[in-house]
Structure formats: C-alpha cells, structure tokens
Amino acid sequence: GSARETDVILATTTSTNDSGLLDVLIPDFESISEFNIKPIAVGTGKALAMAERGEADVLLVHAPTAEKVLVESGVIKRRSLVMHNFFQVVGPENDPAHVAIAVSATNALKAISETDTLFISRGDDSGTHKMELALWQAAGITPKGSRYQESGQGMGATLRIASEKSAYTLTDYGTYLALKENLDLTPLLGEDRSLLNIYSVLELDGDRFNNVNSAGGKDFAEYLLSPRAQRLIETFGVDKYGEPLFILDAGTSESELVR
Amino acid sequence: MTSSVVELREVKVERDGRTVLDIQHLQLELGKTLTVIGPNGAGKSTLLRVVGLLERPTHGTVFHHGEATGDGKQDLILRRRLAVVMQRPFMRNASTWDNVATGLKFRGIGGSEAKRRVGDWLDRLGIAHLADRNARELSGGEAQRASLARGLVLEPDLLLLDEPFAALDEPTRLALHDDLRNILQKVQTATLFVTHNRIEAQTLSDELAVLMDGNVRQAGSSYDVFYRPNSEEVATFVGMENIFSAHIIEQSGGLAAARVGRAEITLVGSWQQGDYVLLGLRPETVQIEPVKGEHTRLGSTNRLQGRITAIMPFGGQARVIINCGFPLVSIVTQQSLMAMRATPGMSVLATFQTAALHIIDRSRQRVTLTPTSRPDTSKP
Amino acid sequence: MELIWNGIVQAFKLIFHLDSELMNILWVTIRVSGTATLVSLLLGVPLGALLGTWRFPGRSAALSIIHTGMGAPPVVVGLFVMIMLWRSGPLGGLNFLYTPWAMILAQTIIAFPIITGFSMAAVAQIDPQLRQQLLGLGASRIQALRAVVQEARLPLLTAIMAGFGGAISEVGAVMMVGGNIKGETRVLTTATVLESGKGEFGTAIALSVILLLLVFGVIVGLTVLQQRNRIT
Amino acid sequence: MELIWNGIVQAFKLIFHLDSELMNILWVTIRVSGTATLVSLLLGVPLGALLGTWRFPGRSAALSIIHTGMGAPPVVVGLFVMIMLWRSGPLGGLNFLYTPWAMILAQTIIAFPIITGFSMAAVAQIDPQLRQQLLGLGASRIQALRAVVQEARLPLLTAIMAGFGGAISEVGAVMMVGGNIKGETRVLTTATVLESGKGEFGTAIALSVILLLLVFGVIVGLTVLQQRNRIT
Amino acid sequence: MTSSVVELREVKVERDGRTVLDIQHLQLELGKTLTVIGPNGAGKSTLLRVVGLLERPTHGTVFHHGEATGDGKQDLILRRRLAVVMQRPFMRNASTWDNVATGLKFRGIGGSEAKRRVGDWLDRLGIAHLADRNARELSGGEAQRASLARGLVLEPDLLLLDEPFAALDEPTRLALHDDLRNILQKVQTATLFVTHNRIEAQTLSDELAVLMDGNVRQAGSSYDVFYRPNSEEVATFVGMENIFSAHIIEQSGGLAAARVGRAEITLVGSWQQGDYVLLGLRPETVQIEPVKGEHTRLGSTNRLQGRITAIMPFGGQARVIINCGFPLVSIVTQQSLMAMRATPGMSVLATFQTAALHIIDRSRQRVTLTPTSRPDTSKP
C-alpha cells in the first residue's frame, strides 16, 4: 500500500456511491486507463473540505453553489456538468399537506409548514440539505420547532426515519428509487425546475498542492464526459428500475439547464 | 439414643475415577470431639468437606441432626449451624476484623453483638492488634489465627477444624489446646478435628479415627489407637517404629519366651507354643546400656545385644539405630549417649520393659466408627 | 496538527460557554450510555459470576455465545434492533425507534456481553476454595456469589469501564436506531460523525475531545472508587 | 423478521457459492483484524503484565489513560488517524490513507488498550506471592512475568477475544481511514453499512450473519485452545 | 575466614511505618544450617525474603558471597544460586511435575538431566504418583511436598526453607529430617530454616536464632538456646514454662539455698547472699509425689509442697498445675497420676533435680549473630 502514482482519490457523495453507478463506471475506466480510482464516499461537505486541503484528486458532487465557491478560490481548476436528475418531495401516502397538488416546491414547503406534519431534514450540509435550505429560503420560511427534525445522516437513513415517522422529506431521486421498496413513502413532487439536482466533476488544481494527482483527476473527469461513459450513465438503472436514474449533461452549461 | 449431630452412611467420594474417600459408617455426637489422623492425601480434608456439606459425596448419604442432607435450601439452614475452618486460611481481601465477622454477617448478626463476639475472639487468639490490617498482609500464623477465630466466633453446633494449629507457634498452640478443650466441653459442640500432630491428637479428644487411603483403618479412644494399633500401618503411623514378628517358643505362667530373628525376648500373655505374634515397640521405650553382666531370660526387662548402626539427633535427644539381627530404633537422651560414649559400630544392649511391647491384633480391624457400639477401651 | 490544536481550543470554548446544543448532546449521551451500562451491569455481573463459578453441561457453549456477543459488531446489532423496532417489525408496537430507548436497547446489547464475559473471567480467577470456605462459614449461595464478586472487584471495575466504554463510544448502532435527530437522539459520537461528514473537522475534533474528557472523567472517578475500596 | 430469515439464507448461499467479492472482503477483514489483534497482543500483553505487577509512581495515571483508551470511540480514533495520515498531515509521507495499513493502524489503536487493560486486570489478580515464589526459584524478571501471564491465561484469552472483537466489529474508523474501497479496503462491517445504506437489507443481514459466524468461529477456536491448555 | 554465603548488616525492614525486621548482623556459612524460631509475626518469613533477595530492606545491606546485593542484573545471578521454599506452597496451574521442574526450566536445564532430578525428588518426597496431576488439586501435605521438592531439586548453594514440614504427616516429617540433614551435610549448602516445631529446631541444625518482634533475641547452639535462654521471653518461648525469681539466703560449697515465695529451694553455683537470680524450669523435669517423709535442705532434689489446681491432658501425658505459693507446671505420665490418684485440690510434693534449674542470665543478651565470634557453647 505504498505511494502509487497511479492512485487517484475520488471524493464523492454517499448518494452517488449508494446508487451503484460508480461500480459500473470505475471498472470500465480502469480497463482503459493506467489510473486506479479510489472512490471515497463521504458527505458533500467533507468532500469539499477534502478538496480544499488537497486530500482528493477529483470530486463528483452535487452542490453547485458550494462548488462555485471552490472554483472561485482557485482550488478547482475545472468544473464540468456530468448529469442531473430531480429532487423529490416524498411523504406519507395520505399526504395531509396536499403536496401532490402543489404548484411548486416552495408552495409545497409552505403547505407542509402549515399542517401538523413532520418534516425530516438531513441537516448534514450535504447537497440535498443545501437544496432544501435554499427552498425554505425561497418560500420565506425559517424552519424550526418540533415538527422540523434534523437527522444528521445520509439520504437512506433520513428516508427511513421519514417513513417510520410518516413525515415529509426532500430526497434525490436515485436513492429514493433504490430504497422505495422498504419505505412507506410516496413521491409527491418532482420534475420541478427548482428541484434540479446537478452532478458535476471537479478537477483539482495540481499547482496549488504538492501531492495531488492532477493528471489522474483530469483523466477521470474527461472519461466521465466521454461518450463511452455517457452511454453507461444513460442506461444505468434501466434494468433495475425500468427507467434511467440520470439524464446526461456532458457539454451542457448550467445556465442552459436552469432555464 | 444420644443425639447424633452427623452421621455418614456408606459415603464414597470419587475423583477422576479414583476413590478418595470410602466411609462405611461414621457418627458424631453433641459434646464429643472426634480427631482424625492419617497420612497426607488420606482424604481427611475431603471427609471434612463432605461432613461440612461443601461437597456432595458420589455415593451415600450424609445426615445432619438425623435428617438426610442434599436439598439446597435445607442444607443452608444446616450449614448455618456449623463452621468450617479449612486447612489453608483463605482470607477475603478485607480487614482482619471483617474477615472474622464474615460468618456473623452471613447470619445477619451485626451491631454490638458482632462487635463483642469478634473482639472477644480476636483477643483470645492474640490478634486484636491486627484487627484493622488487611488480612492478605498477615503472616502465616496470624492468618491461621484469624481463620480459626472466624470459625469459633460462630459458636456452632458442629465445628470442623482442618489442622487449625499447623502454622502456630508452640506457646500459642499449647494455650489454645487448653482453651479450646475447655470451650468445647462447655458449649456442647460436636467437633471434627484433623491434625498431624500426635500430641495434639491425644490432647484434644478421646475419640480418634485413623484414615488411610480413604478408609477408616482404626477408631477408638486415643489410648486405643496409640497403644493398641490394629495393623502394622496404623502402628507405624502412630509412632511404633519397631515392629517385628515373634515366634513363641516357651510359655511359663503369664510370661512367654519368643524368638525374634536370632534374638530371644520375653512377653506378657498366654500363648500357644509355635504361635506367631506381631509386636510393636515405641522407640522412646527402648534404652541402651553398655554390654556387661548376664542375660536373664523371662524377666520384666528384655535385653538384646546389638551394634549401633546410626545415631541421629532428635530434638534434644537422639535416635539410635541398633542392629540386633533386625533393626531396632531407640530414642535416648544426649546425656546417656555421652555417658556411654556411644558411637556407630559399638556393641550395646538394647533394653525395654516387657510391658512396653504391644501386640498388634489384626482381628480387631474394623471400618465403621460408631461411638455407641465402640468396644470397651478403658485405660489401664 | 494545527487542526487538532484548534479543535482542542474549540472544545474548551464550547464547554465554558455552556453551549446549549452541546449540553443537550452531553445530557443525552450520559443518560443513554449510563442507563445502558447500568442495565448491563445489573444483568451481566450476576450472570457472569454464575457462569464463572457454576459448572454445568453446555457452559462452554454459553461462554462462546457471550464471547461472540463481545465481538458482535455494533452495526450488526443496530441493524437487527432496527428491524425489530420497525413499525412493521415484531416490536414495532413499542414505538421505540428513533427514541433514546432504542439507543439504550442497542447499547445494552453491546455492553452486556462485555460485562458478562469479563465478570466471568474475573470471578473464575478467584480460588474456588475461597468460595467453599465462605459456604463453610454459613454463606447462602447468593451471599457466597456476592462475596466472590467482591473479591474480584478490581478486574470487575475494568469490566465496567470496558462496558461503559463500549456503550458510549459506539456509533453505528445508535446512528441506525436513534436516527441522530438533533435535540433528541444526537449523542457525542453521532455528532462527531456528522460534523466530520460536513467537513467541519474542527468541531468534530472538539466533540471528540469532549467525549474523551467525559470518558476519562468517569474512569478516573471509578479508579478513585476502586483505590478507596482496596482495603476495606 | 422475514427479512432476517432471507438474509440468513442468502448468507449461506453466498458462502457456498464462494462468491468472489465476498471472499475478497473476508480476506481483507481477516488480514486487517488479525494483524491488528496480533500487534495489539504483542504490545499489550507484556505492557499489561508489567502494569499489573510493577508498582511505580504514576502507575494509576497510566492505568486511567489505558482505560480511557478502552473507551475511546472508534470514530475519534478514525478522525485522528485520518488527520495524521492526510497528505498534509505529519504521517502523510507514508501514503497509508485508504490502504489496509491505515485500517490496521486504526484497529490496533482500538484493540491495544482493550488487551492491555484486561491483561493488567488479569495479571493483577494473581497472588503477588506466586511471583515472589517464582523469583525465589531463580526466575529472571522476564521469566517471572511470563509465568504470571501463563497463570492468567483464562482471563487473558477473554481479553484477546475482546480485543479481536473490538477490532473486527469496528466500522467508524476503518470507514474513515480505509475508505471502504471495493476490492481493496472493503471489510465485512463497511460492506454491511454500505448495503444497509443502499437499502439492500437482505445482503446487509447476510453479511452480518457471516461476520457473526466468523467471530464465533474464531472464539470457539480460542476456547478449544484454552480448554486444551487447562491442565498442562 | 570461612566463606560466608550470606551476610546481613544493619538490615531494617519497615512496613506502613512499623519496623518488622531489625537485624544488626547475621552471617551464614557454607555447609551450615541456621534455624530460626520465633512467635507468629516475629518477622521470620520477612527475614527469609530479604535473604532470598525477594524483598529489598528499607535500610542496610545484604551480602551474598561477599558481594553487596541490590543490582538487578547481579541479583539474578545470585538468585540462581539459591532456592526459596515459601511458607505457603504456591503452585502454578500446571502438573506437579512441571511445578517441580519450574526452577530448572528457569535455569535452562531440561531434557534427561531435568527428568532425572525431578523424578528423583518426586520419589524421595513420595509424590511420584502425583506427577501428572494438576498441582492445584493436591492435598495440603501433597502440595507442601511438591513445594519442597521444587526447591531441593535445584541443589542450591543457599537453601531458604520457611516451615517446609508444617503440613506433613509425622512419619514423613521424621524421614525427611534424617534425609535432609544427610543431604545438607553432604552437598555443602548454607541453609536458613524457619520452624515452629521445637523438636525440628533441635534436630536439623546446631545453630539457632530466636527472632522476636523483628530482633534476634538469642543466637547460639540449639542447646544454648533451649537450655540456657538469656531472657524470660526466650525461656518461655522454648518451653521453660516455669520461671521464677529466687533470693539467695545461704551459700554452702557449690550449692546455695534460695527462697522462692514462701518456699525454699537448692541451686547449684556460687552466689552472694542476698542475690536475686532468675530461674527457669521445664515442666517435663518436674515430678510429683505424695506428701510424706522429711523435707531435706540443700540436697540434689528439690521438694516443694503444693496443691494441685488443674490437670490437663497433654498427648499421652498430663500437665499438672501445682500451687506452691507460685504456680508450678509439671508434665507427668498418666500412669503416675493414676498411681497417686491425683485430683485437683490434692496436696502433693513437686520434685525436681537441682541440675534441672536453669539460670536465666540477662547479661548474655546479644543481638548479632556471627558464628565465628559465637561464645563457646559446648554441650555438657
């Protein structure tokens, strides 16, 4: 286990890892590349903190606002969109807040805050959590009180808590699909522009750090954007869930998506 | 019938398939003390544990106060009426006072009553000044005193003592003998007492049992066992070091002449000519004197000529081995040795009273120990 | 390294400011792990003492199970407890999931075999003749057991420390069954994981330091107790 | 409940099919935890024996530190080890992070105090006079120590079991410093967490069962060893 | 100078602030055996541990073979030349054979050499049949034999024995005395031997030291200590139960008449009229006889009239307490008691030889024990 020039540390979010996508992409990459990817699944916050300290070589994350801060500070040399899907508001089937008929995500949150129903927040500074906070802000609500609980855990555990407590929560679509069999939760709201969940690959600036393997990071980032990888992403999930988990974004700019 | 405190019937203890204890019958009465002696590994401590209900026998039954034991709940009540002082003083990691109070505490006796009794016994055993010391730090003898106090403080109906004086200094031991005998006589206790000390064995009780290889080989008064042993093994064990077989050659009145090896001796009793008798003789009853004068037959004193083969110190005295055709051991004072200028190789006369010869009568062998059915063993 | 130093400084700041969130976390931690340790103690010490003194057929199998329990991964414990406590699970009716009760249950399952196993080892080391001597002084079986346990108090205290340590330091199970819900079931370990996951390494280290100080405090307390009891 | 049953069935299926991924995970688990236990043993038993027999000023402070180590949360250990092993950290040059070495290091830090603490307690329970008697028969200090350790082999074995259990069952630290990389640093506990996070409860339970079987196997092995050595 | 194996100079051992041992000077030579006697808690085991380098004294220095000890590395080499048999037989949890072989193993002696030596000693101590048994399962006496074998098998230069026979049965004890004395004389070993048994103390060695409260109260030949004690405490401890102060009233030739209480006795020696002397008398030298005939003064036999206050069994004999104005203890045979029909309250004459009176000379008190400078103590 000594230093290997070929080792590339990929810091990624738990949800990407849990979906199983990396189990498909990494072996494929390694079969055509001299580099060896070490995927470290951590919270988004930790992934970004690792980047800041040069403890990773490349990142695959979904927290656009926080990512941009790193780009601006120069830690990240290049940020490219890889894929996206949508966050979902899920909740109990009887839907006491009538989220299913809400016109927008902000309206849905307002409705939830006005009924006597629990909302479980991840509260872990993850991409999903940041999105949720942004939505609350847009709705003009400061969530607090006993009906707003922070799980401080990953998406899977948070969904499980919401299910057990018949509560609403915001989730990424992939994780929900993977777990829904064992959950008493119904997808109530998605496909809203405001619920876009964008995954980007971030290459570290090798000049700023001593030990960062920027060549390996670059190689992997380019692979993700290559048609070969995009084809794999495009079909990922179809065999298991009957629908793809992600929508391709290679070459797209963020502004195009949001519009 | 007298009140039997303990009765053992056909009790056997096996360990790893070996029988370490095999008692046909044994009975212990209130107010009596039974002393058990026997070689190392004979099963004495095992007997004590069985009687004390600390170990279930493999076969047979132990009765306490007439009731068969073996039921856990009932046994506790019975165990509360006895006290065991084990061979090794196992102390709790606590003060000496607490250790001595242990049994009282188990019985729920505390307060001033406990204070009085514990204080009393610590005093009697000369360890009052050690009351506050951790019992694990006591010297060998101090620990044994604490262990003894721990048992005696319970004033039980049945007292089981396993060599309780082995580590005590002699003055203390002597004082305790007197003390204990007095106490045991007063407080109507049945006592089972294991010892290796011959003087102790004869001092503390009248009843004695010799245990060997798990069996009671002889039982009776201490005089009986020490002066009328019923087998060679018992005789040797109780200190009759000289044992020889004699062939009666002549009978005359109450005396008989017999041949031992090439020598001739006189013994008391009526025999048939040609009889073989087994004789025992304690070394301390054999004296030595220079060879001189006539050899008289059929006298009250036997005189055997022999040659000293070894002289060994024995306390303030000496053990002398004389070869009279067969080896004869004699214990004499250093003074008499000096007076004779005795040295190995020297020819001497070994002398002993005819009355000192004990006949070892194998027909008296018996294995049960029931005080009431004991043969009459009145002292001379 | 600087990170660690800053974390330590932050730890003391948090403590001295009586940070209300921290105080809540501390309180839940102590309540949950303390209760779990206590329950494990009350069940484990007698059971261990019994296993240590009483020979019976199947004893060695029982010991192997206890020992396996000592090595049972908290995540596994957490997983099983969670499945049991699910609304759809056999104990769902208790409504324990995501409450401190669930955490106490999980930590008890973790600490109990540790305390039992080591009580067993501690008591088995006491000379069986001491027990016989105690019975010979009129001890009931329970009194003798209690006295033998008292003799083994030194290693028993170590067992208690290990049990408490195992309970309070555990994270996988309490995370699963407690849910790490802020203000309700968040304890020092889960908070540490959370902060570390957020990349807030400073806060994570501060929480770690506080946790270590708490453990150290409890252990010093128990040690003093043990020293004082050495010569009764 | 049905979930658990299915998990057990799946566990045996995986084992009998010699599933290659499972075999790899098993191998890493055994290698990492075995090495960590061995290292802890080699360091902890002598140190514990020394602490158990040798009285010196500051001994009780040393003990408190060892005991705190017994209660040190794996996540805390993981956090500190991670920071140490970071590229920017003091031991970054070793390039241990996200390799089995890092996991061995973390598990050793976890198992070492457990084994040391219990070795201490086990040895301290041996009558100091036995040690004196051994010295009086010509033992060197080391020979006496070795003989005393041998006397305490029963509780020591329990200590080893606890140390191994602590190492193999740990997840927080190995997750942090090992990274749970498939085929490299994925062990049974981290795989269980992963599968449970993915919602694959069946697989998670299967892995748990396999882990428990592994621990049980090792413990039964050690127990048999202990029984056989009872009368030497 | 002879080769001193051990020398202690101004050695003190303190525990919890109490001085438990305080030895001015003590020396032990090759081929000699020093026996230490003393009450429980006197510090005997402590002395043994200090000599055996198992415990460092608080003050003073222990020399082995002329070298000062205290250096860990050097001490190991010295410890390998000695063997300690502690008071309690602490056994390793291993077979008896392994236990006995322990010391050999420490010295790297194995193979056939170890087999031969261990086998030999197991045989001599009669425990060969227990070789494969776990030593923790041995009976008290069996364990002590194993413990003894474990020390003797090392054939050391210095042998330290702490009451090694306390739990042995009497025949074994006797046999071992002879055995051990022969061995120790042959193999040029220096031996320190602690015992409570008075016979043993006089049997195993000529040199004796009495330890009390941590101090050597008297040292010398065993005859010296047992028959010429230098203080009341030592006299009492060695069994001179009768101690009284006499006032010389008349001197005539080598004899003197002295008054003890209201009685008058004769003693040997030249005294000034008016002198006070302290006298010791062993109870076994005091006989009793019925009151009759004249009371002769200045004879070789002293006759004191008194009244029996108590009769207590003592082994096969009896201890009789007679009040002659002061209490006098006598040990007599049961036979002579019976012959006299002695009962408490009866008036008797207590008789003893003038030669049996020992003068306790406090001026001979000394605290160092150096064999070479020992006063001449040739036996009578």
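In order of appearance the chains are A, B, C, D and E, and numbering begins at 1 in each one.
The rule is simple: contacts are C-beta pairs under 8 Å (C-beta built on N, C-alpha and C of every residue); 3 or more make two chains touch, one makes a residue touch a chain.
Here the structure is a predicted model, which is why all the values come from computation and not from measurement.
Student: Return the chains common to the contact lists of subunit B and subunit D.
Tutor: C, E
Student: Kindly list the shared contact partners of subunit C and subunit D, in label order.
Tutor: Both-contact set = A.
Student: How many steps does it take, at the fewest, to get from subunit C to subunit E if each step moves to a chain that touches the one before?
Tutor: 2
Student: Round to the nearest whole Å and give the separation of the Cα centres of subunit B and subunit E.
Tutor: Taking the mean C-alpha position of each chain, the two centres sit 23 Å apart.
Student: Approximately how many whole Å separate the CA-defined centres of subunit B and subunit C?
Tutor: That pair's centroid distance is 56 Å.
Student: Between subunit A and subunit B, what's the gap in Å when you average each chain's C-alpha atoms?
Tutor: Measuring from centre to centre gives 91 Å for this pair.
Student: Return the residues of subunit D touching two or more other chains; collapse runs of consecutive numbers into ranges.
Tutor: Residue numbers touching two or more other chains: 196, 201.
Student: Residues of subunit E that contact two or more other chains, please.
Tutor: 88
Student: Which positions in subunit A touch two or more other chains at once?
Tutor: 157
Student: Name the touching chain pairs, please: which are they?
Tutor: Between chains, contact exists in these pairs: A-C, A-D, B-C, B-E, C-D, D-E.
Student: Using the touch rule from the top, collect the residues of subunit A that touch subunit D in their complex.
Tutor: 1-4, 7, 9, 14, 17-18, 20, 23, 38-41, 53-55, 154, 156-157, 178-179, 181-182, 209-212
Student: Would you mind writing out the residues of subunit D in touch with subunit C in their complex?
Tutor: Answer in residue numbers: 1, 3-4, 60, 63-64, 67-68, 70-76, 79-80, 83, 89-90, 114, 117-118, 120-122, 124-126, 152, 154-155, 158-159, 161-162, 164-166, 168-172, 176, 188-189, 192-193, 196, 201, 204-205, 208, 211-212, 215-216, 218-220, 222-223, 227.
Student: Quick one: in the complex, what on subunit B touches subunit C?
Tutor: Residues in contact with subunit C: 49, 52-55, 72, 76, 79-80, 82-86, 88, 90, 92-95, 98, 102-103, 106-107, 134, 150-151, 154, 160.
Student: Once bound in the complex, which stretches of subunit B touch subunit E?
Tutor: Checking each residue of subunit B against subunit E gives 15, 37-41, 44-45, 87-88, 137-142, 145, 162-163, 166-173, 177-178, 181, 196-200, 202-203, 222-223, 226-227, 236-237, 239, 312-316, 334-335, 338, 379-380.
Student: Residue numbers of subunit C touching subunit B in their complex, please.
Tutor: Listed in rising order, the residues of subunit C that touch subunit B are 127, 129-130, 132-141, 143, 147, 150-151, 231-232.
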